[in-house]
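Shared between the two complexes below is chain A, which pairs with chain B and chain C, respectively.
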Partner chain A sequence: MISPRTLRNLRSELRRSALAKLGVTLVVGIFLMAVFAPVLAPHDPTDQNLNDSQLPPLGFSTTENRTTSEFVDGEVTIVEEEVTVNATAEHPLGTDSLGRDVLSRTIYGARTSLLVGVIGALLAVLVGVTYGLVAGYYSGRVDDGLMRAADVMLAFPSLVLAIALIGLWGRAAIRIPDPFVAAGITPGMPPDIVLPGTVVLVVALVNWGWFARVARGEALSLRSQEYVTAARSMGAGDAFIIRTHVFPNSVTPILVLATIQVAAIILLESALSFLGFSGATLSWGFDIAQGRQYLSSSWWIATMPGIAIVLAVVGINLVGDWLRDALDPGIEQGEGGV
Partner chain B sequence: MTETLLSVSDLEKHYVDGASLTDRLLGVEPDRVRAVDGVSFEVQRGETLGLVGESGCGKSTTGETLLRLREPTGGTAAFDGEDVFELSGPELATFRRRAGIVFQDPFSSLDPRLTAREIIAEPLVVNDVGTAAERDERAAELIERVGLSTGQLDRYPNEFSGGQRQRIGIARALALEPEFVVCDEPVSALDVSVQAQILNLLDDLQDEFDLTYLFIAHDLSVVRHISDRVAVMYLGEIVERGPVETIFEDPAHPYTEALLRSVPRADPSEHGRRVDALPGDVPSPRDRAACFRAVEDHPYWDSDPLAHADAD
Partner chain C sequence: MSLGRFLIKRTVHGVFVVWGVVTVVFGLRFLTPGSPVNAVAPLDASQELRQRIARDLGLNKPLYEQYFDYLFSLLQGDMGYSYLRGIEASTLVLGRVPATVELAVAASFIAVVLSIPLGVIAANRRHEPADYGATLFSLVGISTPNFWLGIMLILVLSVQFGLFPTSGRPLGLYPALALLVTEGAPGGLLRWLHHIFLPAVTLGTYFTALITRLTRSGMLDELGKSYVRAARAKGLPEALVRYRHALRNTLVPIVTVVGLQLGTLIGGAVITEAVFSWPGLGSFLIRSINVRDWPLIQGSLVVIGVSFVLVNIVVDALYAYLDPQVVTE
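What follows is the complex of A and B.
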């Protein structure tokens, strides 16, 4: 389905645009990070060590004034001393309040975010695009009925709807065995990838309406194209026409929307984890929530996963822009014979 | 020896404006657009019937309704003895194989995501004709027949010129070996130099495959070139019918005459001739009264054209 022409456009746009390069680098980086998390992470992200709690990241060694009281020979002496908290190469991004390695947790957090973002967006595409194409292709009353229902879904504030649905359905966590640990390559790492199943369903339910709207708009304009009339004149059924003509011609805007929605879903997942609704305990949002309490003394606990979210969302949005710029003129460029 | 292939009588296609709820409650009669209003004609097997008229007179609607691409609001169309509008299921599928259509816009009529091969073979896929290899072979045969080469089969529509695209559209229309083809302004979007090539191609194909054409156009010289008989449409009705020479040499209806007069001719003595254009715009078919007024006010309706020169 990807024609050589499309590939050519993608490549030339990538060569032209520095932002597209940045976006692709970020997304590929985060993707690799998620896949090879057990290999890349220096520590088990769930390993606690209270002796090494709240260690600062490299380059941020701090000195603190500590006041301790000693009871010596019936007298109380107040000792004021300067203590140096040294950053260690063991924990390049520091540790959190329970002494867990922040770098390892940030690497592992990419798994939750990407899994929820990609699977959630795929589900939303599946439901929303089918729904929207049917509404737009048949138009008229079918369209009115279907799209009003979709509008009702979109009218709810997404976070509130998500929390309500999770409250209703509970928090189901699906444990997928980690292939690296199962194969014995990285013993001692967490044996499972925890996929917050309810969250995936909920983010898809909250977001499918956007896909329905875009697909419906495309179908509505494509149905009056003469090649659709031509297909009907040869006896093609509605299902055939939607499959061969309407869907392939509406792929570009859907693809662009899908990338942007992956980013939106990652944010929503982080928000749900932050609020404690997701059930995932190894996710960027969850770590931000944990680190919030220590923001004044140990800023890095919340900041590192925060930076990771920003990079992921910016990267995915840049990829979306790249796809939009590269694919849109793909049809119009090079009108033959002019 | 002539045999009627298609016989249309009193064909009607009215569009009713969506009546709002208040209109319905108040019992207001919704607006009716009589796009096609009681059209009757016959097409003989093997001939080309030209259907002419200005934009918006309902000629394309007539063509599409005949092929069941729009549902008529009245009338009958007997195709080889069977009423097209009564067909359903397998009979409709058979009719769709026997009747094809060539569209006006060679850009919108080809799916930009499909290759020429896929476009030409689409009717075969839809009707489940042959194996994949046989379809490929047929596509190759057809593309050569319409004057392109098999090396162009894997190109996309935007790699072709307008004329080449129209050839692909014609190849697609011929894939199922139809007997009857509606040509809906097939050359009006093309350069003049290309128009003649496409018209000649259509002519050759007609002889080769015993095709019957309903040729819809607004360009009178094109219609004169290709048609055996002509029907002139105005505001959803046929105002005059006849053999092509009679219509062009001796038009009976004032509208036909006006239409003929408005055609610019390639003749040096024509230089500077004032074309007596029809005054005003085509009245909207939505407004029946204006339509009748337009007919009555027609400068050619009575003998003194100047009497109505300022009518608009």
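What follows is the complex of A and C.
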């Protein structure tokens, strides 16, 4: 499946291309951020502190109108004054409308995005590749029937279908205990990692068709190869041939597509969270929706999580380019982006 | 196979897909927890009233009968009546189509007009600053969530500088053009442009970036091929070689990818509409889902699915025109 030659190609492409290096760096960075979120985040991302709300990020200051009432000579006078709010080192990226630390929330947001992106893409690979390999291997009628069904799934724009399904099915969340908190390393941080279950299912459901298409194309061209005919003439069963001959030889384009799809799913998840459909409340998309209401007073609330999304998706897309250039298959691009 | 037969075959295939789409949309209601009666009945409705509502909505009929009823009324353009507003669903749904089409067309226009020249320039000046700039733009452009881009544009251009309105569509293109014709003043058209500019840029950026990227890499591929060397060797002007030969061949894969990405355009329109309160099909669908107004949900999904299939057939025809080989395969 992964030959020494493939590894050599990957390494030399990585050495040659600065963009590939940037991509790997970004992806590793975001990955570490997601895994070690409780250690890296300076504050509990859900901790509210209304006294410190809407603090600007370091290097910026804002003005705010504050009214105070004073009791002078038996009369109440209301004094309105303009106060300059300075950034504090405690909150390097500022705080949101409820005084929650934007940096901590941005770090924690990586978890939701990566979990949904990776698990969603894996599910889509599992279903789509099996489906596509069967369709392509048997070809003919089976292929026609199966691929028509996949066409119907792809006939819906993925975001539209995802909105419809989640809006209608509700937002089941799976709570996984955070290992760092459970082990007592970072007490006081949120005890659970919230995985938006419906979102994972739905993103897989709207994206498996792309994998089915690619896997089918590969299986279709591999089924008439001599080694497959040889295996068949020796009495090997279809399931065995698909598993040991067809699948391993179609891994490369599937891997590249899967990488690009992780990026597409991260964008999809952020869009769903932005619309309030995902149920995740520690998510980049959700924070952008929150910050949108404070655009005129606190631009950073919506800006920071967006930058995080762009960096993550740029990184994954660059890794996808790197894999494609190094392994160089003729690859059909899936639907991507929001 | 002739071009005509190819198109007929694609259309027949399209009809099957549309049928599938309608079936999925119909089935969606039965995969969803909660009875549609809940959307209509008051909270304290008696059992008797709930049953009467179910009968009125045709929910007490057997499933297959409901399905065929649905298919046949759809064929006659009847999408039922909105549960909450009692108006024909088709009127409400189709009334939202122009705004979405305007937005999608404006975004595609921006994308095509900017991206192909940008990609060609990048390919012509390989390893020069213009090339790096175009590459960086296309990389960031395909990686930016468009709702966030929209918010950032609002933040900078509307909130800070007050150049564009933050939301809404006071005037459609048709009324704007009608004003231009009847009054001869471009005011209506300018107002339309003023409002559609930010949403169109928001929706179009991803495609601009994508097509720039494809044009650049496609041009570089083609320019390295032997027919280009042959054309140069026989003394054809460089511009002719580049634009008549190389660019034309670059367009073929671009049309394919853009065809595959149409779903992204429609999905992107949904969320762009949500950001800019653009009164199109997308924001309509989101609102209908929130109140479980089934005839409106189904109607919007059918319209989106069917137009997607139609546009794909058009793309296939364009593809067949650009690359006659696909017809014979």
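In this section, the second predicted complex is superposed on the first by the 305 of 338 C-alpha atoms of A that agree within 3 Å, B and C clash if a C-alpha of one lies under 4 Å from a C-alpha of the other, contacts with A are read in each partner's own complex, and residues count from 1 in each chain.
The rule is short, and it goes like this: a residue touches a chain if its C-beta (ideal position, glycine included) is under 8 Å from a C-beta of that chain, and two chains touch if they have at least 3 such contacts.
Note that the structure is a prediction, hence the values are computed from the model and not measured.
Undergrad: Looking at A:R111 after the superposition, I want to know if it touches chain B, chain C, both of them or none. Which is it: first, second, both, neither?
TA: Neither partner.
Undergrad: Output check: A:L159 vs chain B and chain C. Expected answer is one of first, second, both, neither. What do you get?
TA: Only chain C; A:L159 stays clear of chain B.
Undergrad: Could you tell me if A:A302 is touching chain B, chain C, both of them or neither one (first, second, both, neither)?
TA: The answer is second: A:A302 touches chain C but not chain B.
Undergrad: Between chain B and chain C, point out the one touching more chain A residues.
TA: Comparing chain B with chain C, the partner touching more chain A residues is C.
Undergrad: Output check: A:A236 vs chain B and chain C. Expected answer is one of first, second, both, neither. What do you get?
TA: Only chain B is touched by A:A236; chain C is not.
Undergrad: Between chain B and chain C, whom does A:R324 touch in the aligned arrangement: first, second, both, or neither?
TA: neither
Undergrad: What is the shared patch of chain A, the residues that chain B and chain C both contact?
TA: Touching chain B in the first complex and chain C in the second, residues 332-338 of chain A appear in both lists.
Undergrad: With touch defined as at the start, can you tell me which chain A residues reach chain C in the complex?
TA: Those in contact with chain C are residues 19, 148-149, 151-152, 154-160, 163-165, 167-170, 263, 267, 270-271, 274-275, 285, 288, 291-292, 295-296, 299, 302-303, 306, 309-310, 313-314, 317-318, 332-338.
Undergrad: Which bits of chain B are touching chain A when the two form their complex?
TA: For chain B paired with chain A, touching residues are 64, 67, 69, 92-93, 96-97, 99-101, 103-105, 108-114, 122-123, 126-127, 156, 158-164, 169, 172, 176.
Undergrad: Please give the residue numbers of chain A that touch chain B in the complex, ascending.
TA: Against chain B, chain A makes touches at 3, 5, 225-227, 229-236, 240, 244-245, 248-249, 331-338.
Undergrad: Help me check something: in the complex, which residues belonging to chain C touch chain A?
TA: So the residues of chain C touching chain A come out as 13, 16-18, 20-21, 24, 28, 31-33, 139-140, 142-148, 151-152, 154-155, 159, 206, 210, 257, 260-268, 270-271, 274, 282, 285-286, 289-290, 292, 297, 301, 304-305, 308-309.
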